[in-house]
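The two complexes that follow have chain A in common; it is paired with chain B in the first and with chain C in the second.
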Partner chain A sequence: MRRLRALEPLAWIGPAVVLIAVVVLWPVVEMIRSSFLEISRVGVVRGWNGFDNYDKLFAEKDFADIMVRSVVWVVAVVVLTVVISLALAQLFNQRFPGRKVARWALIAPWAASVLMTAIVFRWMLDPEVGVINQIRLRLGLIDALGGASADQLGDASTAMPWLVFVAVFVSVPFTTYALLAGLATIPGDVYEAAKMDGASRPRTYWSITLPLLRPALTVAVLINMMNVFNSFPIIWAMTHGQPGYSTATSTIFMFILKSSDIGESAAMSVVNFGMVLVITAVFLKISRWNRAVA
Partner chain B sequence: MAVETAPKAPARPARRRPAPVGHRAMPRLKTTVTAAVAYVVAFIFLFPYLVMLLTSLRPQETLRDATILPTQWEWANLVNFWSSGLAGNLVVTLQVAAGSTVLVLLVALPAAYYSARHNFRGRTFFLILVLITQMFQPTAMLVGIYREFSQLGLVDSIWSLILVNGGFNLAFAVWILNAYFSSIPRELEEAAFIDGNGRFGALFRITLPLAMPGVITALIFTFIAAWNEFVVALTLTTTPENQPLTVALNSFIGQYQVDWQNLFAGSVIATIPVIILFALIERKVVGGLTAGSIK
Partner chain C sequence: MRMRLVGGAALGLATVLVLSSCGSGASEGGGDQAADGGQVTLKMVAADYGDGPGKPNSGENFWKGVVDEFQAANPNIKVDVQVINWNDIDKQVATMIQNGQVPDILQTGDYSGFVADGLLHKVDEVLSPEVSGDMLQKFAEFGKVDGTAYGIPFVSSARALFYNKDLFEKAGVAEAPKTWDELKAAAEKLKASGVSQPFGLPLGQEEAQAESFLWMLGNGGGYKDDAGKWAINSPQNVETFTYVKGLVDAGLTTPNPGTKDRKTVWEDFGAGKVGMVNGGPMSIPIFDAAGLKNYGVAPIPGKTGPLDTTLGVMDWIMAFNKNGRAEEIKKFFDFFYTGSAAEKISETYKLLPVTNGGIEKLSGDEKLKPFLDALPNASFYPFQDEKWAELNPAIKQTIGGAVKDDPAAVLGELQKTAEAG
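The block that comes next holds the complex of A and B.
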């Protein structure tokens, strides 16, 4: 009987643990194992090969560029997202007629599939008929549709900014909502006090709003870092990482390698995963720190 | 401890403090300007989806005309979609999303309930495990997922997609349900128990109905996440008929002479319901995703 009692939690929690183990933990183990295996193109394991996959990966001539680009990608998207979201959170925190409807519109890119958003942007950037190019033509930014200057996604120097733009576009809604939730927790009397002290509006924002927003901001930044680091559909749908690997991040590179050398692709994943783990550790640490302060 | 950080009742957002009144002289003007800017921002964020809708209503032969607005309207595109090959892919999407949602509810409900109500050995471990998996994304371990499901012989099967989508959305569901269950007073359940409802009777009659907002949030969130999922399906499905709509649409865009209007009709049908559903749960999702940081 007592033994049965001890098994009780297992009945309730067990299925969840099994699902996590099968879907989340097993792939991690399998991925790490694969990174030390020589695997043929069709998936036959030829045996252990030590660090050969890693050596091959680090020797790829595009590897350094891709890693630098991945870091730039994450930093650029997250910084722009946070700055824009801070502004939008202030805007949507004001009272005005139709605020609810305006806020709803902001949900769209968050709810919609990122892939579909990326496909529409690719369509809007179509060199011949894309609406963005039609607008640019009317504004006199390009001479004609269909030319090289209209083909924004054909060259890394113009494609990269557009990719960043779309990534920011889909990240801003969640971030803005998280910051709005944070703003709602700041008690009004804090502002009263600041006003009594004669603090200016920018001064109040800088020394009261921002510090009080810090918990919300921290979590939003970390969640965005994870999402952007693992972001795949935007680049995949819009440029495939081309021309060459000039718009590929490490996540895209990992996917491309998967069809030529699974072992090397696994090594790339492990490198990515290491970076993800670091971010998770920071997240855990900060959410704990948060509690300690409160 | 990390465990204490999170499951907190998702506090209903307090009434917003009144916006600080600026210069009294011209509150009207300020409100007008604020509203105007906000509407422009709202329009920008809706713009791609409007383009999606407008494109889906163009007659096929005018799709590559360089006009911003369609010159003719073809509402039949949205109907014809159902007889195109893509309709089958939409059915796959629906099956995957529904299957994952059922799986998550079956697995997350008992786990969240038990870990909210009972203190047992391994509870801390369990909640940390959930917290960690919430930070994991399938993209990061795609190779592992692919290798695992190849070994299991489940590549190109709908079950693998249901399992993976279920597994990766489990954390959010456990998290938000745990918060809801914790916020329901134990006494309510005990009272019902004493009234002769039995343990499960009390659970189903009292606790579950009270936790319904959390259940619905978890349900819609999982459904949408699975509905929108792309990269795992791209990796695990090979035959076109077995691919969810996202993967099928993606293979569309590589080609040149295709029925683009079907692509956009498909996007519209797959996107608009999801945006409306999501609007219903948005507040609770924010609370769930940032639990522990925003109090």
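The block that comes next holds the complex of A and C.
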């Protein structure tokens, strides 16, 4: 009887363990295995391929650019998202008339499908009929519709900022809510004490709000980083990674490779996976370092 | 403190795992059903020629009509059709095969990739001689690998130049251009009269390989030379793309062609924003939907005169041998080609037939005539070369760069991909 009792926890965590093993671990194992296989384009496994898939991947002319771009993409989107969300969370934490409506409105970009949002933005930027270009035309920023100057998604230098903008746009709601939840956990008497001590507002924010917000901030940044790194629909719907591969991140590249060489694509997935692990580890390390200083 | 850190790291790792495993493609279930009570179920995968699920011309609706009729005549054979859009079908079929859920019948854009792995029935195992005898000879030839036929031509299409007669009149251009220089002159006049895209040039991901090929043909080039060797960066092709680059730089084309899909450009043509564009029978419904009436169809201009060939595209239907259902598949194929279905598909989607009988039936259609005439002398992608399938995605992604950056360098890079391995 007692022995059975000892096994009881297993019954509770068992399903979760099985779920993680089947849904998470098994695909990871399969992914790594596939990256060492020679797989014909139509999906037939032709045998082991050693490191050939990786050699081919690393020899791709655009590989290095794509990896650098992926990191820049993640850093740009996450930093902008967090900065904007910190401000928004602060704002929404104040009492003002219509706060409830404003809070609800913030959910909209989050609730809408990311793919849909991306397609809407692509149409708004259409060189012939896009509303953004209509406005730019009226403001005199461009001379005519339909030409190269109205085609911001056609060139990497103008397309990338728009891609980042849309990614930030869809990431801000979640981040703001995560931070808002964090703000709600900070007790009011800490602020009162700070007031008594005569701390200025910036000083209060820097020394009280931010440190106490760290758990929420850490989770928000972590989830955003992984989300953005693996983000596919925005870039795919808006530029397909084109012109050439000049707006492609590693996730987009992986998808493109899938139609020419499945094994190489799997190798890209493994590299991608490794990148996420590294970025996460680096981030956790940095946030711990911060804690020691504070 | 320490505990919490470990917890945080564990949370991070778990989230990494969950999020990163969301990305990989989902496979479709189903597949292996036991034949019960003598009934056989054929699993078929088909591409969608229509405007997608829910639309009246969707592939689901089309195939439901065909299958209902077939099942009424053959109560012992059930056909399950899964329709997949063109963007995803190749990847999804590859996933099915990888997972051992091979369909019995596949209708898509290529068959040759399956031959090397020995997955297909030979054509004479699944098609009656009367039916295969009626196929256009040239098309049937392209269904062979090393002399044995595996692919059955399904539908075809050809390309020609569409031009907006109203815009031409406004710009003072009398007739459709026949040479590149005439094309350039017409484009300049169109530009001067306020047309934002005188020549529609879709060199983006959707179908860059088609637009590129049409231009290459105009200068006696192509993806391969006459000896059958890859010749993507041949002097003719470099010259061709240098010429096109000149048009782009002068603002006479769609801006940033390397990022524009054909669908967008065809829609712009339909909306009266584009003076001329290469299109096919399948673009006619798009122009109609946009309300464009007054357009002409002409042979595609080449460097010194109109092309005497054009790009022909064939789609294929094929039978997989894994489940050993050749007999049932044969019944279905014969039914498809001899009944009303093959005709109906041409009518619904403005695709060209692949049989002599079918071409005869359609020869009265004014709008389709230029394309039917062009079919017998069409040129095709080198899709029987196993390398083509790997090369094609690279062409789609990067060949647009040949009219933006250095043509020789971009084409040279593609040539390297073609020759590798």
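Odds and ends about this structure:
The rule is short, and it goes like this: the second predicted complex is superposed on the first by the 253 of 294 C-alpha atoms of A that agree within 3 Å, B and C clash if a C-alpha of one lies under 4 Å from a C-alpha of the other, contacts with A are read in each partner's own complex, and residues count from 1 in each chain.
To be clear about the criterion, a contact is a pair of C-beta atoms (placed from the backbone, for glycine too) under 8 Å apart; a residue touches a chain by one contact, two chains touch by 3 or more.
Note that this is a predicted model, so its numbers are computed, not measured.
After superposition on chain A, the partners chain B and chain C collide with one another. Judged by the touch definition given at the top, the superposed model places A:G182 against chain B, while chain C stays out of reach. When the shared chain is aligned, no partner comes close enough to touch A:N53: not chain B, not chain C. Of the two partner chains, chain B and chain C are each touched by A:G43.
Shared-chain residue A:I107: touches chain B; no touch with chain C. Using the contact criterion defined above for the overlaid structures, shared-chain residue A:K258 touches chain B and also reaches chain C.
In the superposed pair of complexes, A:P243 makes contact with chain C only, with no contact to chain B.
By the document's definition of touching, neither partner reaches A:N224: not chain B, not chain C. Counting the residues of chain A that each partner touches, chain B and chain C differ, and the larger count belongs to B. Within the superposed three-chain model, A:S269 lies in touch with chain B and with chain C [touch as defined at top]. Of the two partner chains, both chain B and chain C are touched by A:V24.
The superposed model places chain C right into chain B at 152-160; the other stretches listed in 8-16, 44-52, 62-70 or 152-160 stay free of clashes.
Overlap of the chain B and chain C contact sets on chain A: residues 20, 23-24, 27-28, 31, 43, 128-129, 145, 218-219, 223, 226-227, 230, 232, 251, 258, 262, 269, 272-273, 276, 280, 284, 288.
Taken in their complex, chain C has these residues touching chain A: 5, 8-9, 11-25, 90-91, 93-98, 113-114, 116-117, 119, 196-197, 204-205, 251, 255-256, 258-260, 264, 268, 271, 273, 389-394, 397-398, 400-401, 404, 413. The touching residues of chain B, when paired with chain A in their complex, are 1-2, 4-6, 13-14, 16-20, 22, 31, 34-35, 37-39, 41-43, 45-46, 48-49, 51-52, 55, 63-68, 103, 106-108, 110-111, 113-115, 118, 120-123, 126, 129-133, 135-137, 139-148, 150-151, 163-164, 166-168, 170-171, 174, 224, 227-228, 230-231, 235, 246, 249-250, 253, 263-264, 267, 270-271, 274-275, 277-279, 282-283, 286-287, 289-290, 292-295.
Within the complex formed with chain B, the residues of chain A that make contact are 8-9, 11-13, 15-17, 19-20, 22-24, 26-32, 34, 43, 88, 91-99, 101-117, 119-124, 128-129, 131, 134-135, 145, 169, 172-174, 177-178, 180-182, 184-188, 191, 195, 201, 215-216, 218-220, 223, 226-227, 230-233, 236-237, 251, 254-255, 258, 262, 265-266, 269, 272-273, 276, 279-280, 283-284, 287-288, 290-291, 294.
Per the touch definition, chain A reaches chain C in the complex via residues 20, 23-25, 27-28, 31, 39-46, 61, 126-129, 144-148, 150-151, 153-155, 218-219, 222-223, 226-227, 230, 232, 239-245, 251, 256-262, 269, 272-273, 276-277, 280, 284, 288.
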